[in-house]
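In the part that follows, the structures are each spelled out as structure tokens.
Below are two complexes that have chain A in common, paired first with chain B and then with chain C.
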Partner chain A sequence: MADLIQLLTNGLALGSVYALAAIGFVIVYSATGVVNFAAGQFVMLGTFAGVATLVNAGWPLPVGYAGALALMALFGLLFYAVVYLPLGRSPVVTIIIGTVAIGITLQNAALLTFGSWPFRLPSPVEGMMLEVAGAVIPVHAVAVVVATAVLIGLMWLLLNRTALGIAMRAVAQDAKTARLMGLRVNALLAFTWVLAAVLAGIAGLMLGPMWFADVNMGDPIALKAFAATIIGGFGSLPGAIAGGLFVGLAEVLGASYVSSAYKDLIAFGAMILFLLLRPQGVFGERIQDRG
Partner chain B sequence: MRSVLVLSALILAGFALSFAVSEYTLRLLNMAVIAAVAVIGLNFAFGYAGLISLGHSAFVGLGAYGLAILTTKADWSPWLAAIPAVAGTGLAAAALGYPLLRLKGHYLALATLGLNVSFSIVASNWIELTGGTNGIAQIPGLTLAGYKLDGEQTFLWFGLAVLALLGLAALAIHASRLGRAMMAVRDDETAAAMTGIDVTGVSVTAFVLSAIYAAIAGCLFAAHVHFVSPDDFNYAHSITFLSMLIVGGEGSVAGAIVGAALLTFLPEWLRVLGEGYLAFFGLMMLAILVFLPTGIAGLLRRWRRPALPPQDTAAGLDGAVSR
Partner chain C sequence: MIAATQNALSATGITKRFGGLVALADVDLTVGNGEFVALIGPNGAGKSTLLNVLTGLSAPTAGRIALDGRDVTRLPTHRRIRAGLGRTFQHGRLFPRLSVVENIMTGAANRAGRGEAGLRAHALAQLRRMGLERLADQPISALSYGNRRMVELTRVLACEPRVLLLDEPAAGLNLGEVEDLMARLRAIRAEDRIAVVLIEHNMGMVMRLAERVVVLNFGRKIAEGTPAEVQADPAVLAAYLGEGAAHAGR
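After this line comes the complex of A and B, so read on.
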């Protein structure tokens, strides 16, 4: 029982990170139609933005977090200008290859800047433990789940209760009509990329204390985020959340109850099964859920 | 006819180079030839039939592991082992293709990507069969009429001969009823079905052909390097194969060869830039995609528009309009 509580908490925490990465991937796909294969590198950059401000520059925690997220926002804007604007109208294959190519650049730029030695990113609740029914769980894991829930709530408010969010959804549904209605489509698209980069940044900052910060961490995260997106339903925000949590739990529970070698096969097997039997995923692509 | 001439010119250029370059460049040329075989295969699936596959490397791996296991565990000759390795991969592709190819676009891309990742996980963990992450070493090389194909130069000659044969076969298929059916399915599935084309059958055939070429590339790889490990066939290689096809020019056999050669050599040429060369490589790829959306073959077609083969008219006209 104690083991199970521990595993469930860790699985949910890992799943939260995957869910945030998947949400970043989904809002970009919904708004711009871009299948962003560099999504994992976004999370990796988020972790390393934290390494730059918290470890290398030694800033105090709140300032360091704010600085890292500001860097990620800038990066989102840069990505919009350098990758999305020239490539956004290309066929899907060209976009896949293009975002992979830029992912290679990002990964190697990070390798040049930070080296191949892994970093340990501190957590605000470093070393604190919680005892629940005999199980010892790190406070960080609980904090990650709570922070993700709050963020998802804020995202819902943004997309459903603010003029900005409603305008973003209008662009996602029909950019041409949105433009005719006088919406500043390009600015809204740029904001979508910034939002995706910041969400990935938060995912990266939360993941840093759970894994070691390593420049090669991007690809495994991207693969899990893809699996989460397919399982939950391509283009659906609730789907990205459910899929992310499922993949995180499958990874942690699978490693301890099934086989640590084949733990990742559960998520990818589920992804392929979903593609074959229910390609629209659990939640399907409902227009009103697009961001 | 023109495509045959271009193919012959490329093969002859490779043959001529084999006398003029260093051992290291010969090794790269061998890698380029093996990649070219795989990319010509991928051209059936993506270039002709429009199926985005990010799992091509898994089929290369199936072929390579098939040969490696049969030669090292069962002591078969590599020639004999290649037959079940290639045929088995083709069968696997047929079995996977029927359910998977109902998917389109990025769904198919992600499904095949998941397949490739699953292949890597199995190859890394089924230790009794695949040797796990240590791989399989000491795979015997090829012997042809009592002559060992173990040097870089001799293997390159053999590789070029295989490439020439498979390239010619691909051109013949391209010009055949089957090839035209694949392109019809790519351009408009409904219209293709209306004219009596069996859309599923044609798609699966394209997928199986692509896997057979991939498996032959895998056998060449195993027999040349004498060693296979899961890392040689991870999904990053699948993306590389697709990049080679896009950079060379999709839908063209010569483009597949040129793309394979270019993307094999480009990272090596960029090494002079020092540690950050892969960062430049990514940026160059992005620039190629933005400025040469139809690849190198597409660029050449635009230069010599009068000599357009009929099936490329649409691409040529697009080029003319955008100029």
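After this line comes the complex of A and C, so read on.
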């Protein structure tokens, strides 16, 4: 029982990180139609932004976190201006290949800057443990789950209860009509990329203390976030959350109860089953409902 | 030009070529403040293309467009909308996964600085005025076709346009709904003094609403005048009914 509580907490924490990465992926996909293959590298960059501000520059925690997220926001804006905007009139496949290129570039830029030796990114609650029903669980894992829940709540408020969010959804559904409503479509798309980058940044900062900060960490995250969106339903935010949590839990429980060699088999096996049997995923909408 | 400063909308020498195809050839269209102009012509005459050029969805090959005397030819679409232009589509284009009131809020968003609560209040007021407030929280998929068209009209009115471009607003509506639409358009004009450009195939509606009718055929303006004048114009009869019919009518 104690083991199970411990595993569930760790699984939910890892799943929260995947869910955030998947949400960033989904908001970009719904707004622009672009499948962002650099999404995993966005998370890696978030971790290393934290390494740069907290470890290398040695800034105090709140300043370091704020600095890392500001860097990510700037990165999102740059990505929009340098990659998405110039390719905006090209076929969507060209933009997707552009994201692959940027992903590879980011990974190698990180390798050049930080080297191949992994870093340890500290947590604000480093080393603190909590005892629940005989189980010892890291406070960091609980904090990750709580922070993700709060972020998801804030995202819901943004998208449903602010003029900005309603405009973002309008742009995602029909950019041409959004222009005819007088909405600043380009600015809203830029904001979407910034938001995706910041969410990935938060995921990276939370993941850093759970894994080692390694320049190759982006690839597994991209695959897991991708699996999460397919299982949850491509383009669906609740799907990204459910899918992310499922993949995280499957990974941690699978490693413990089956074998660490097969821990990824459950998530990817589920993804393949969904692709075969229910390609719209759990929360997917019928394709004709897309604007 | 003096005329350009007096008209709500003034388009001069609009030409639009798609490769070798001339969709619009040197078309002039002026609309006075609060004037109701109908734009008619057979299918493929270039009516919708003209609206696309006016709203900036499509760039003209040549020509100049002014709103209230201000040149907007090079402005992007959203800035033309903010300058007072409004447009609906022939096939309704509501945001399918926003509620009715949210759809209308996107139109109102064009007036900056209202915030979410202000936008919602403005949108609800617009719905109330159109007698549609009971639909506010409905998803678009739950609306009848007629209601969708009315919500679209409400949404463009929430943009508070000075010039409203309507692309076949009565298409697909039943007789009762068409009467209702006409009554609303009359009321909107009387209250708001919005200039209207109406593309419509329903000639009864055109004749009863329009002060002036502009006729396009193969991208050229072939006639312009009061509804009665245009109805009697041989060139118009020829365009609609074929050359023989025009002669037979004499």
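The rule is simple: the second predicted complex is superposed on the first by the 277 of 291 C-alpha atoms of A that agree within 3 Å, B and C clash if a C-alpha of one lies under 4 Å from a C-alpha of the other, contacts with A are read in each partner's own complex, and residues count from 1 in each chain.
In this section, a contact is a pair of C-beta atoms (placed from the backbone, for glycine too) under 8 Å apart; a residue touches a chain by one contact, two chains touch by 3 or more.
Just so you know, these numbers come straight off a predicted model, no measurement behind them.
Shared-chain residue A:Ala261: touches chain B; no touch with chain C. For chain A, the partner touching the most residues, choosing from chain B and chain C, is B.
When the two structures are aligned on the shared chain, A:Ala227 is found in touch with chain B, with no touch to chain C.
Touch criterion met: A:Arg169 reaches chain C, while chain B stays clear of it. Once the two complexes are overlaid on the shared chain, A:Arg161 sits against chain C while remaining clear of chain B. Of the two partner chains, neither chain B nor chain C is touched by A:Asn56.
Residue contacts after overlaying the shared chain place A:Asn216 against neither chain B nor chain C. By the document's definition of touching, of the two partners only chain C reaches A:Val185; chain B does not.
Annotation: chain A has no residue touching chain B in one complex and chain C in the other. Within the complex formed with chain C, the chain A residues making contact are 161-163, 166-167, 169-170, 173-174, 176-185, 289, 291. Here chain A touches chain B in the complex through residues 35, 83, 86-87, 90, 92-94, 96-98, 100-109, 112, 219, 223, 226-227, 230, 234, 261-262, 264-265, 268-269, 271-272, 275-276, 279, going by the rule given at the top. Chain contact summary for the complex, chain B toward chain A: residues 46, 52, 54, 99-100, 102-103, 105-107, 109-111, 113-115, 117-118, 121-122, 124-125, 236, 239, 242-243, 246, 275-276, 278-283, 285-286, 289-290, 293. Put simply, chain C touches chain A in their complex at residues 55, 57, 76-78, 81-82, 86-87, 89, 93, 95-98, 102-103, 105-107, 109-110, 114-116, 119, 141, 155, 159.
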